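Shared between the two complexes below is chain A, which pairs with chain B and chain C, respectively.
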Partner chain A sequence: MSSRRAVITGLGVVAPNGLGAEEYWKALLAGESGIAELSRFDTSRYSARLAGEIRDFDGAEHLPSRLMPQTDISTRYALAAADWALADAGIDAGAGIDDYDMGVITSTSQGGFDFTHREFHKLWSQGPEYVSVYESFAWFYAVNTGQISIRNGMRGPSAALVGEQAGGLDAIGHARRTVRRGTRLVLSGGVDSAFDPWGWSAQLAGGRVSTADDPERAYLPFDGAACGHVPGEGGAMLVVEDAESARERGAPRTYGEIAGYAATFDPSPGTGRPPGLRRAAELALADAQLTPSAIGAVFADAAGIPAFDAAEAQAVREIFGPYGVPVTAPKALTGRMYAGGGPADIAAALFALRDRVIPATAHTTSVPDSYGLDLVLGEPRPVRADAVLVLARGRHGFNAAVVLTTV
Partner chain B sequence: MTLDDLRGTLIACAGEEDSVELSGDILDMTFEDLGYDSLALMESAAKIERDHGISLPEEAVAEADTPRALLALVNGLTATAA
Partner chain C sequence: MTRRVVITGIGVRAPGSSGTKEFWDVLTTGRTATRRITFFDASPFRSRIAGEIDFDAAAEGFTPRETRRMDRATQFAVACTRDALADSGLDFGTLDPHRVGVALGSAVAAATSLENEYLVMSDAGRDWLVDPAHLSPYMFDYLSPGVMPAEIAREVGAEGPVTLVSDGCTSGLDAVGYGVQLIREGSADTVLAGAADTPVSPIVVACFDAIKATTPRNDEPETASRPFDGTRNGFVLAEGAAMFVLEELEAARARGAHIYAEVGGYATRSNAYHMTGLKKDGREMAEAIRAALDEARLDRTTIDYVNAHGSGTKQNDRHETAAFKRSLGEHARAVPVSSIKSMVGHSLGAIGSIEIAASVLAIRHNVVPPTANLRVPDPECDLDYVPLTAREQRVDTVLTVGSGFGGFQSAMVLHDPEVTSL
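Coming up: the complex of A and B.
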């Protein structure tokens, strides 16, 4: 490694309550929710009907027509968010960075569900000769990395990471590692979308989706009445750049530094050993060379299921002390975006550092005292520190933590 | 199959390159110059096979590198099939 510092110089967000990073941030501060009845198909025969659905995104408005027949909706989100992040960072053909000095590292946990559903439908109703040749890669976890790389001529070290909701933070952690190894710039983040009937059924089969009907009571992170999560779609892309390189090229802005990152994996069920979230957070703090007292806010994973909320609250309490740090979960307004969730939280956390304000956790009203959690409720609250911690857990044992600081 | 039919098939299967005037005189331009890669041509060939009830040999499609050549291939086969 080296003393190279990885900073974030561009943001692109595609979220159920806002298209564009600033729009998303404004929606979070205003408490605008993207959760409503899913409109992509008739959900009347399904146990759950609420989703954080993106309703105002037309892929054809943002992408060339050559890309439309070959992309799932999630890839369209990834490509648009990548375009916006690069524009935000002032990166274009004239930025003077060699194409082998720009990598792409993304995460998705669901792949191209909607696209694949359509192709399966053709396979079973019409025959194999009707299946699109583009199915060969449109479904695939690495497709967003590939399409972003091709579209933007970014040929540097690239990768795709899968870790359910933790995967987006893992991608950004790996982007930081890649920059510290000598690549000038990495476009990194994650997206997910699975709102076709097959993808929706798969999500419901997981057993953690809220079946509540009231959009304001369906996903209640850390509430005593928490009853599951609302699935969301979308995510965020970030331009992660070597700080020196950003300074040299005169990057228009620097949102913050990725000061620490760590990932852990939970022990097997039944071992009696504690889950790995606390250790991920502690390792990320150590990586950032910060003590817990330096952290001004925690952006929580916020599972919305009592047992998992209690476990996360315990981890936060053990590190920071009871009521020791403001905690928030802006994803209450978007639903869980899986691989997109962590990167969207990072965007929110960077804006929180910039504007010195923590967005509130919407909808939750009553946090059990036993959690010992200072959850930001009702109104946004001022940030009184130069560092924040972002947490994420992926189903089946993934934990990831990122520490962001002002520069 | 006419050139217009082929244009429609290409656009339906693979979209069109912004920088290319597909409505112009493209008969002898290469598919590569028109912005279509091998996957785009495979997808278009599959649709032509379905629409015309013919079977296009993969190697012949790969060798037909212009709209004129592909139309000759398709129309030769449809004439035989008819």
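Coming up: the complex of A and C.
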């Protein structure tokens, strides 16, 4: 692999507790939660009602009117986050970068589901002639990559990856790979949203959604009383750029470097082999040429289900030793945003490096001693470190890890 | 020193055939496998033709539990994986699972299962507030299809990088390109790569009806897919899958593997123009072709055969012809170009991998598959498209390309590993 370094020069976040990267970060530090009763439809017949819902985003305020009829809500989030990330990076009409030198690599795990549910409904209640001319592309998993590419004139290597909650980190990892193979800039990240009745039901089918009614007790990562997660919507887009390119064009800021990345997959159940999360983290550390002692904080996957929390705690313990590193899960304030979760965690982790403070894990109060986990609880905690580790797991066995460093 | 990547095993499920050998028979005899849709009553739709596969899961060796657990597209991918494994002669039990990866492509993933479940939950579209009492335990996996590559990983015991590449209609090329990168960079030594899509379902048919992308030539299903023909008027939707065993060249040689071809170069670009429309000039596809040749370190004149995207829409075939002229120069007029979609239809994300299989088999057998149904010349499509009849000729190096919604333009160069680079 080449010695080209991939840095992050722009951030755009669309989250249930904050629109915009700085707003999201402020909300995390202040412990402001975006979790509340889902308001998009009457949830009374469904077993779960709490969601990390974005309530103050009006797509029409952020996007040209012609894009409104052809986009799902998740694509509007992706387009807005992309705009903000590019503005943050000072990329104005390409900033002199060749269009083939700018790619788009996104992740979604649900596609344009609200949009497509409406089209399924039209097809079956009215007939084929009522299906939207936009359905063929508003639905599929590549939609955000395509729309961002078109809106911003980016013609470089592009892709869309799916790996449930791990997919967002895989997109960032692939963006880094693409930069190291020679593309100057890749706009990368992920978003998800499926808060229509059918999408909501489908999420419940996974069997991991909390049915609790108290927004402060529904999603409790690493708590002894953990009882599932709250689904969230939104995510983040990041400008991933060749370090030299960023320097040359005088990028206004560099948040940090993607120093390491790795992905692994869990062994089949019944083989007796250990799960792959620890190995993903160790490979990412090795990729970054860092030892565990260099890591100042771990942004955890934080499943919110005791068996999965215990497994993650074990992986962290085995790498860092018992209580060996501060661990946090800011997603307790947003819910799990699937493909959006990893990129949002990366944004938070970069701010943590910048401001030298780790946001707390909200709502969790009591972590089993057996976890041996130094979970940051209550108040944000100061940190003096130049590297952080971000972890994510996707349903069925996906693991991904990213190491971020200051530059 | 760059690690080189080769294909050592192939599995294919395409319309008109149930395995690699039959698939190649279909292509070389120029038979077409498109037909009137039988999977559902298509009478309300504009386009009522598809490339369907008569897939018998039990006969394919799937257990009842597997059949229930796996979506149709996943079954296709797993069936192809089993074939590819057997074909490669590689004993996966001897490999370090940490060094095995999976890169699966799919454009619409579990679309057919989604629709089946939708009908139950919504009572055939009556209820907007779908009924949770009729919720399938697999519904999450139809919404979020990470399960598809996960099933492949389970099948081969992969514990390295595993992903689903969903770039619309270039997914099948891009997934293999992704797998190649994993091996080159050292993240894996062996990768199961390929793609599957099973979109022959009312909602998908309706999607393409709405923009008139598919052909309404319903009275002539066998000759409805007409790439590069002057009378072409849309593509024929299809289903299918293809999977490959990708290995690092030296490892494959060390075990004495049969090597089909080397993946010499791969590149993808976007047109940043329109989600479904194409400009006439083919500029971005030409750039992808140029970059793929560059990566393969091969001169464009070494290309013996171009396996085209050739979907049979007015705009695609014109766009693609321009891209070949722009990237290959004079050689575009000398090299045979053909579209197997004329025979097996367009299986969205899967077709890129099926076309890689066709390209690799062309190298193996020194035969260029024809473009079936090409009888009426189009002045805007003036290359040698190998009409109707397969052609025996030396094939060492193949260019295969794909173009898809979202603006994706991908190109891959496959060649006999003995072909020396520039």
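In this section, the second predicted complex is superposed on the first by the 406 of 407 C-alpha atoms of A that agree within 3 Å, B and C clash if a C-alpha of one lies under 4 Å from a C-alpha of the other, contacts with A are read in each partner's own complex, and residues count from 1 in each chain.
Criterion: a residue touches a chain if its C-beta (ideal position, glycine included) is under 8 Å from a C-beta of that chain, and two chains touch if they have at least 3 such contacts.
Everything quoted here is computed from the prediction, not taken from an experiment.
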| item | value |
| --- | --- |
| Partner chain(s) touched by A:132 [first = chain B, second = chain C, both, neither] | both |
| Partner chain in contact with A:211 - chain B first, chain C second, else both or neither | neither |
| Which superposed partner A:291 touches (first chain B, second chain C, both, neither) | neither |
| Contacts of A:69 with chain B and chain C, given as first, second, both or neither | first |
| Touching partner for A:39 - first (chain B), second (chain C), both, neither | neither |
| Partner chain in contact with A:370 - chain B first, chain C second, else both or neither | neither |
| Intersection of the chain A residues that touch chain B with those that touch chain C | 70, 132-133, 136 |
| Chain B - residues contacting chain A, complex | 11-18, 35, 39-40, 42-43, 46, 49-50 |
| Residues of chain A that touch chain B when the two form their complex | 64-70, 129-130, 132-134, 136 |
| Contact set on chain A toward chain C in their complex | 1, 41-42, 45-47, 70, 99-100, 103-104, 109-110, 113, 116, 119-121, 123-125, 127-128, 131-133, 135-137, 139-143, 145-147, 149-150, 152-164, 167, 170, 174, 177, 181, 194, 197-199, 201-207, 262-268, 273, 276, 279, 338, 394-398 |
| Residues on chain C engaged by chain A in the complex (per definition of touch) | 44-46, 97-98, 102, 107-109, 115, 118-119, 121-122, 124-126, 128-132, 135-147, 149-150, 153-154, 157-168, 171, 174, 178, 181, 185-187, 202-203, 205-211, 213, 267-276, 284, 287, 404-408 |
